[in-house]
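See the structures that follow.
Each of the two complexes below includes chain A, the first together with chain B, the second together with chain C.
Take a look at the complex of A and B:
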C-alpha cells in the first residue's frame, strides 16, 4: 500500500492545519467576525520562528511561546483598533478593514524583511513509521498542535472564563444579563485567537523548509477557512478534526493527482480545497462534525 | 436621480482619448480604477456583501479574449467582439454559480465562500495547465495576424481606453436602471432588514444575484479591455492579482458606496494618490492603498460624494447621484 505514508504525513501536517484554524474558529464563534487577515498572522509567526532560530538560535518550541505572547498582544490591538470601533458600522466595514489590515501587514513585512523566500532546518532526528520517514521535529509540531487543541477545549469547559466564552457564543445578550463582561470576553478571545494563530505559524515552519515569505498568508487564509467551515465555524474540536481530515485529503490528493499525471498536483489539490469549501457551504453549512 | 454628470464625464474622457491618443494610456489607467469602482459598487455598494474573489471576473473577461485569439484563428476583426462576449459570458456564468450557492448565505459566510474563488481558479488554470497554464497567453502576434499591425496597435491603445470608458459608462447606466426601478427598492429593503423584506414578499437572493451578475459582467468587460486588448497578454499572476479587489473597494469607499458619481471622484483621487506615492516612495503603493482603505472605512464610511450629498439641498442632490 503505497498510499499509507501519504495518509500518515497528511495526518501529521493536518494536525498543524488544525492548530492554525483554532484561532479563526474561536474568533468567529465568539465575535461572529470572519478574520480575513488571518493568514498574515500565520506569516508573522513564521517569521518569529525564522528570526528566532537564525538570529538567536532559539528552537521552534521556544519561538512558539514567544509568538503566542506577541500574537496575543497583536490580537488585543486588532480588537481595540479595528473590531470594537467598527462593531456598530456593520459587517461589510469590519470585513473590508480586516482584509486591508491583512494586506497592510504583508506589505509592511515585505518592506521590512524583503520579498525573498526564506527558511531554516531544525534537525532532531527521525524515525521510520509505516513506510514514512518521519522527522521528529514535525512530530513535535503535530503533538504541540494536539496539546493546544485539547488544552483550549479543556480551558473552555472547565474554567470560569471558558464558560463565559461559551455563554457569549450561545447568546451574547443573555450572557450580559447574567453579569458576564461581554466586552472582556471579546477582547480576550481575539487575543487568544490571534496568539494561537501566530504560534501555529511557528509550527508550520517545521513543514515548509523554504516557504517563509511575506505573501505566504493568503493560501493559509483560504486553507483555514475551508477547515473552519468543514469543522463547523466556531467549533474548536471540530476545527482540529477537520484539520486532520484536510491534511489527509491534501496529501492523498497530491498522490492521486500525481498518479493521474497532472504536472502540478499540489495546485490541483488546492483547487479541490476550494471546490470542497463551496460544496460544504452548499450542503452542510453547519460543518461535518457534531462536537 | 439624473445620471447626466457621470455619463458626461465618461463621454468627455472618451473624446479626449480619441483627440489626443498620446494620453490614452494615462486616461486608461485612471479610467480602469473608475470603472472597477463603478462595477464593484453595483454589487458591494447595493447589497453590502463583500466578494473577496471578485478579481476572478476580471480574469474571466481577459481569458475570454485570450482564448478566442489563441484557439480560434482566422476570425479577423470579429475575434474582438466574439472574445469580449465570451469573456463577459464566462464572468456572468461564474457569478451565477457562486451566487446561486453562496448568496443565500448571510454576509460573513458569503465572504468566506468567495475567499477561495480567485485562488481556486488560478490554481486550476496553473495546475491543470489549461489556457496556457502558468505561462499565460501572449496575444500580440495573434492580434497582429488577425487585425493587422496598425489596427492592433490602435486597438491596444485608444481602442482599449475607449472600451474601459464604455464599461464605466455602462456601469453608470446599469446602476441608474437598477436604482430607479423595482430592484433598487427591493435591494434597499434587503439592506435594511433582510427578514422584514422577505416577509413583504421580496426574494432577496434573486435581487442580490441580479446585482452580482450585472457587476460581474461589467468587470468581465473591463478585464477583457484592460488586460487582453490593452496589454495584449493574459498572465494568471496578473489577472488574478488579489489587490484589484482592494483597489475597487478603495475607489468605491473613497467616493461613497452606493453613489453613482462616487467611483469617478474616488478613481481620480485614488490614481493620482498612488502615482504620487510611487514617485515619492517607490514600492509602497500597496502599503499606502491598504492604509488608505483602512482609514476611510474607519473614519469616513460614507465617502466623499456620500458625505457631500448629505449637505446638499434636494434639488442639487438629484444631479449628484
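Take a look at the complex of A and C:
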C-alpha cells in the first residue's frame, strides 16, 4: 500500500490546517464576521517563528507561545480599532475594512522585511512510520495543533466564559438577556481567534520548504475558509476535523495525480480539495459538524 | 415600586417608536401592557432592558435609576426579560439553557435551589432536561424561556408575548403559572391576547402608536368601549 505514507502525511499537515482554521471559525461563530485579514495573521506568525529562530535561537514551540500572546494583543487591537467602531455600520463594512487591513499588514511586512522568501531549518530527527519518514518537528507541530483544538473545545464546554462564548454563537440576543456581557465576549474571542491563528502561522513554517514571504497569507485565507465552511462555520472540532480531511485529500490527491502523470499534481490536489468542498456543500450545506 | 418607567422615548435609527411611555409595576403584581402589532410593546421591553437605547425618560428599578445601565448589569440588579421569539440556545440541552440563565454572580450562588424551584414550576422541563432546546415544541420552548429568565432570580420579570403561536389550552396553563409567579416577584406582561392577559392582571395599560392611551383595572378595561371593540371582539 504505497498510499499509506501519503495518507499519514496528509493527516500531519491537515492537523496544522485545522489549527490555522480554528481562529477563523471562532471569530465567525461569535461575531458573524469573516476575518478576511486571516492570512496576514498567519504570515505574522510565520515571521515570529523565523525571527525567533534566526535572531534568538528560539525553537518554534517557544515562538508559538510568543506568537499566541502577540496575536492576542493584535486581535484586541483589531477589535477596538476596526470591528467595534464599524459594528453599527454593518457586516459588509467590517469585511471591507478587514480586507484593507490584511493588505496593509502584508505591505507593512514587505517594507519592514523585504519581499524575498526566507526560511530556516529546525531539525530534531525523524522516525519511520508506515513507510513515511516523519520529521519529529512536523509531528510536534501536528500534536501542538491537536492539543490546541482539544484544549479550545474543552475550554468552550467546561468553563464559565467558554459557555458564554457558545451562548453568543447560538443566540446573541439570548446571551444578552441572560446577563452575558456580549461585547466582552466579542473582544476576548477576537483576541483568542487571532492569537491561535498567529500561533498556527508558527507551526506552518515547519511544513513549507520554500520558506515564507509577506504575501504568503492569501492562499491560507482561502484554504482556511474552505476548511471552516466544510467543518460548519463556528464549530471548533468541526474546523479541526475538516482540516484533517482537507490535508488527506490534498496529499492522497497528489499521489493519485502523480501516478496518472498528467497536469501538475500539486495544483490538481488543491483542485480536488475544492471539489470535496463543493460536494459537501451540495449534500450537507451546513457543513459536517455543528457547535 | 418594583419598576417605574417615566416618560420613556426610544426608537431605531431615526425612527421614533415610543413617545413618552410611563407605567408602574408595584411589588408582587402582574401588570399587562396590551396593544396591537407594531404599537411599541416589545420596544418598550427592549428599552427598559437597555438593549434598545432610551432617548429620553427614566427607568427606575426598586427606586434606583438604571436608565443607562447595560443589559447584562440589569440582569445582575434583578431585571429579567423573556424575549419575543424566546431566544433560547438551540444546541444546548434544556438544563444547559437553565444553567446559562443563572449566569450572573448573584444567581450562580443559588443555582441549585433555583433549578429545583423552576423544575417544580414546570415538571415537563425536568422530564426533558437532557433534550436539546431546539427540538422541543413551541409550548415547551416558551416554558423554557420563562424558566431560563427565572434562573436569574429576578425581582421584575418582563415577558414578551408568551402566547404567540401556542394552542389555547397551552396558553391558559402558561398564564396560570405566570399568575403564581407574583408570590415571588413582579411581572410586566406584554400581550396581544387581551382577554387572557386581563384575566391574570392586577392592572393594565393599553399602548397604541407608541403612546399609552388607556389604563385601569382589568374589569374597567374590559368594560371600556374601545377595548371591547378593538381587542375583545364584542
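Following the convention adopted for this analysis, the second predicted complex is superposed on the first by the 276 of 291 C-alpha atoms of A that agree within 3 Å, B and C clash if a C-alpha of one lies under 4 Å from a C-alpha of the other, contacts with A are read in each partner's own complex, and residues count from 1 in each chain.
The rule is simple: a residue touches a chain if its C-beta (ideal position, glycine included) is under 8 Å from a C-beta of that chain, and two chains touch if they have at least 3 such contacts.
From a predicted model like this one, the values you see are computed outputs, not experimental measurements.
Trainee: For the three-chain model obtained by superposing on chain A, do chain B and chain C clash or fit?
Mentor: Here chain B and chain C can both sit on chain A without a clash.
Trainee: After superposing on chain A, what angle in degrees do the C-alpha centres of chain B and chain C form at the C-alpha centre of chain A, to the nearest 10?
Mentor: With chain A as the vertex, the angle is 90 degrees.
Trainee: More residues of chain A in touch with chain C or with chain B?
Mentor: B
Trainee: Between chain B (first) and chain C (second), which, if any, makes contact with A:225: first, second, both or neither?
Mentor: Touch partner of A:225: chain B, not chain C.
Trainee: So, A:163: does it touch chain B (first), chain C (second), both, or neither?
Mentor: second
Trainee: Just chain B (first), just chain C (second), both, or neither: which does A:180 touch?
Mentor: A:180 sits against chain C, while chain B stays out of touch.
Trainee: Looking at the overlay, does A:278 come into contact with chain B only (first), chain C only (second), both, or neither?
Mentor: A:278 contacts chain B only, not chain C.
Trainee: If you stack the two complexes on chain A, which partner ends up touching A:189: first (chain B), second (chain C), both, or neither?
Mentor: In the superposed model, A:189 contacts neither chain B nor chain C.
Trainee: Of the two partner chains, chain B (first) and chain C (second), which one does A:89 touch, if any: first, second, both, or neither?
Mentor: After superposing on A, A:89 lies in contact with chain B but is clear of chain C.
Trainee: Between chain B and chain C, what minimal C-alpha to C-alpha distance in angstrom results from the superposition?
Mentor: It comes out at 13 Å between the closest C-alpha atoms.
Trainee: Which chain A residues qualify as touching chain B in the complex?
Mentor: 28, 32-34, 36, 82, 85-86, 89-93, 95-97, 99-101, 103-104, 107-108, 111, 218-219, 221-222, 225-226, 228-229, 233, 262-268, 270-271, 273-275, 277-278, 281-282, 285
Trainee: Can you name the residues of chain A that touch chain C in the complex?
Mentor: Touch list, chain A to chain C: 160, 163-164, 166-167, 170-171, 173-182, 290-291.
Trainee: If you look only at chain C, which of its residues touch chain A in the complex?
Mentor: Going through chain C, the ones touching chain A are 49, 51, 70-72, 75-76, 80-83, 86-92, 96, 99-101, 103-104, 107, 148-149, 151-152.
Trainee: Using the touch definition from the top, list the residues of chain B that touch chain A in their complex.
Mentor: The contact residues of chain B facing chain A are 44, 48-50, 52, 98, 101-102, 105, 107-109, 111-113, 115-117, 119-121, 123-124, 126-129, 133-134, 242-243, 246, 249, 253, 283-284, 286-287, 289-291, 293-294, 297-298, 301.
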